[in-house]
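Right after this note come the structures.
In the two complexes that follow, chain A is the common piece, with chain B as its partner first and chain C second.
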Partner chain A sequence: MMKPEPEPVHRVASGQGTREREILDHERSKGLTGDEGGLIRLQSLCAYYGEQKVLDEISLSIARNRVTVFMGPSGCGKTTLLRTINRMNDGVRKFRVTGQVLINGTDVYSSEVDPILLRTRVGMVFQKPNPFPISIYDNVAFGPRIHKLTKTKSELDQVVRESLEKAALWEEVGTRLNKSALELSGGQQQRLCIARALAVKPEVILMDEPASALDPGSAFKVEELMVELKENYTVVLVTHNMQQAARVGNEVAFLYRGELVEFGPAEEVFQNPKNALTEKYIRGTL
Partner chain B sequence: MKAGGSWRRTADRVYALVSALLGSSALLFLFMVLAVLAVFGVPSIIVNGLNFFTTVIWNPGISTTLTTIRGFPAMSGASYGMLVFFSGTLISSGLALLIGAPLSLGVAIFLTSVAPKRLSTSLSFFVELLAGIPSVVFGFWGFLVLAPLLFNYVEPAMAQYLGFIPGVGGPVYGYGLLASGLVLSLMIVPIVSAISRDAMAQTPVELKEAGMALGMTNWEITRKVVLPYAKTAIIGSLVLGLGRALGETMAVVLVSQSALNVLPKTLYYPINTLSAFMAVTFDSALTDPSGMEVNAIAELALVLFIITTTANIVARLLVRRGFISSAEHLVQV
Partner chain C sequence: MTGLTVFSIVLVLVPLADIIYLFVIKGLEVISWPALTTITVGTGVEFVGGGISNAISGTVVLMALATAITVPLGLLGGIYMAEFSNNNKFSEALRFVSDVLAGNSSMVVGLAGYFIFVLYFGWGYSALAGALTLSILMFPYVFRTTELALRKVPDDIREGARALGSTKSTTINRLTLRFAMPGILTGILLSVSIGLSETAPLLFTASFSNYNFNGSFLHTPVGFLTYIVYVYSQLPSNSAHNLAYLSSFVLITSILLINIVARVVVRRFSKV
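Presenting the complex of A and B:
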């Protein structure tokens, strides 16, 4: 399996300069330079629900400012894999993980990592749009308020506006921020959820089939957005939609029954799959 | 076959008729009760007028001298004012809500958001079991354990250290307002916590995960997502609990010290409530030769009926609206 050669891009997201530097410093202290090892590295990751092993020895590396796709048939473990990255399954009974999930060289499952803080750096967007039943503004401001990221009202206004702009929603809702989020269409709600995640200023955005519950037009907008977002963020996408994976993915991981079957640059995986299973899946005969 | 068919049709008609009769009997009973209260209450309403609502003294008069007031017989010197019982009802129930609400919400929050599933299920069972304890048993416990405890330890300490707060200083009695409020608060915990828990448990997991993914702690998710989501139903459950406290009789009879002709001035004062007073006084009222005390008690019952019915209607509207709006929300998402 080839490791992707990440682009040597060190784009500094607005307002994230210091954090980016911290990350780089941390990398250096680990004897790594730049993105050599990837922003996120999974090492021999196994996950269990009780006795049932749902992820088997997954090792892969997710590069900064790329869209990395986990694809595979239902039940292959792709969502579980995604949720190990921000420890969303912590509260699930009998769920446990072995191996490592390294972000900037730190294992997120080590005792020194606070899952609450981890989740402010690794945001998440879900399959079903899940805005809070409050105003559009309050939805986006929710995270910044909880984490006291802003000092003044105008600062908060600014964060809300920037986040909505980044989520390509500002033009549609800028004049009605005080309206309920539930009045928006499904696609708009999903982009609002993306804006809400961005407002906490994460480095990584995990997306769990974010377009699968949307109509084709809205789904396309969300796809476009993923490509835009990778300029400033690292996007990890779970999907079972191969066309989507091919359109937006830089790297693609194909999972089957909890195992990583193939991982590589999207073009290679789709045009020249190395594994017979991958080929079958792509042809729709798996 | 034909005969069988017609028999079945007849049976079906009988079935419809019988179930209609039985079904409407609830309404019938309601009107029967209301009619009795009205018939018995009218003489008191006419004789006592507004004084009934504004005076403190309840005095059936001198039992040997019969007079006539506004066309109805009454004992000379009779005076019927409900203020002691009315205020006692509202204050003790309000106190019960003040103590019971945080307790119930704590229980509900623990059951839905903190306790592991297995513990939550078994604990829920015990909380609901609490609802099945007869009120006289609560009263018995209040009489034997709680009130003496309050009198010997709690109230003296409160009066000494918190006496600067109006209504908290002064002599202590044990049996009285505080004891009544506490016993009532325990009695409303099951109903309030059960309904709140159900409403909170209906918070869509998607919303909780949204909060979790934003880096919220469990407490923040409970406070900022779950509680706002269940707000209406929680308020409804509180009013329903209030309804129960307002009508509660036996427990209050045992711990209130059945005050008469005196309004409570501190947290410890003996009190009386509409229902407790009715239960205790009815026997002696039957010996009133003019019958006016029975009429006055009927008017008390009418007042209590109106208070509790209003509370229940408000509560049901709130509880229902809470659940309906949450269902709508689910559809929209």
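Presenting the complex of A and C:
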């Protein structure tokens, strides 16, 4: 691990350091960069697969109860960034991180953090729905069971029900909880995966292109869900779908070739991008 | 092309059906309660008769012991290979040894068992020597099918569980093994069928006995069904042939039964 630098060094893809500074100032004015404002803070975060550097000095702050979106072209490092937050890339061959990922001020890569516990606080939803091939009930109950979060069957029933309700799935599956999760449609499966993540009562939910494998209708439902979820959770969304980013994002970050090009409130990033690259990306000419 | 395929299938199936038919017909002719529950009389040099209870009890003991040794080791090995090894040097060595074991003729393994267990360890012809030798032959099947069945479980299930804070061992216990179970059971079954049908390795290590298994695992030869099939079918007397038919019948029916039971269990497991 690298020592945390006193003042994060920011770099921008096009070398426009001042613009980055402006964005940062903007954040400061909204109180987003302090420990108190940001639930998650990335500080000079770099990630490598062997010699290949895929995240380059990312520094930003993710606010509580917001939907923060990371967008950018395929291969720019979005998934890596997300998996760095809940340490899902631990154990990936030759993967290495420098810099810091602070959650509530604690570096998740410090020795006192147990990645198992971290993942119960930071849930994750994958691009391809991956329900376990067991019953709907058992899918949602999996987390509470392995972490012994409930004492009685009725308590567990309650958690399963609440989680399915929060994932807007209860109405559709409440009467057939013992059916196989694989009998559900793709969209339902993805919402089941969301319910499964909610059942361990996380604070943060990381979503990696959760709607990209779904038909438009199902994708829309999942989008709606993201917006609802931010009432109680902090949602970090990765997408390469700009419309989606604009619809659900409160803050939007644009990643390009592992560098943070732009970060700010969604309206500003989309209507008045500060960086030429962002503008090009939004216009679809990148 | 289709004609050729059908011809080949017929070519294989007709003799197979013929053999099974023969054993079933002959087996049903000679089967009787006394034949199943009394021991073999005589050695076959001038006369052999009586029943096959010594061979049945011996086979049960040998197979139970061999399975009890093979299954846990094969399972652990397969789990290690699929879930923990990351294809390191040790796992390559393990696979190599297993492949060598599987590729060897059972005669060679039998001889090795004879030199190691019977002579070097000084156990004599015995149930333990026989069972260990059998388990050397059975191990590769459980080992390999367990690994393959686990590798077939999609990784996104492991990822999903990991993202929920599941440890590797919890994921294996609660999810991965469960989905690999049909494959694993099939492997166990295959290995039991292989063990049941071996003759040569047991000739070298268990010898044969006309007496029922008496509870001692060392220094006491044990009878087994394939011995009767193999040796008594070559004797000139009718009574010897009848014992061989009966033993074949018992072997075929038990392999069939094991397969049916396993199918049912596998189906039960595959259901959600």
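Here, the second predicted complex is superposed on the first by the 249 of 286 C-alpha atoms of A that agree within 3 Å, B and C clash if a C-alpha of one lies under 4 Å from a C-alpha of the other, contacts with A are read in each partner's own complex, and residues count from 1 in each chain.
Here is the rule we use: a contact is a pair of C-beta atoms (placed from the backbone, for glycine too) under 8 Å apart; a residue touches a chain by one contact, two chains touch by 3 or more.
These numbers come from a predicted model, not from an experiment.
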Superposed partners chain B and chain C on chain A - clash or fit: clash
Contacts of A:Leu117 with chain B and chain C, given as first, second, both or neither: both
Chain B versus chain C as contact partner of A:Lys128, first or second or both or neither: both
Which of chain B and chain C A:Cys193 touches, first, second, both or neither: both
First (chain B), second (chain C), both or neither touched by A:Leu182: both
Chain B/chain C common contact set on chain A: 86, 88, 116-120, 123-124, 126, 128, 130-134, 142-143, 146-147, 182, 193, 196-197, 200
Residue numbers on chain B that touch chain A, as the complex places them: 116-117, 204, 206-207, 209-210, 212-217, 220, 224-225, 228-229, 329, 332-333
Chain A - residues contacting chain B, complex: 86, 88, 91, 93, 116-120, 123-124, 126, 128-134, 142-143, 146-147, 182, 189, 193, 196-197, 200
Residues of chain A that touch chain C when the two form their complex: 86, 88, 116-120, 123-124, 126, 128, 130-135, 142-143, 146-147, 179-182, 193, 196-197, 200
Touching residues on chain C, where the partner in the complex is chain A: 154, 156-157, 159-167, 170, 174-175, 178-179, 272
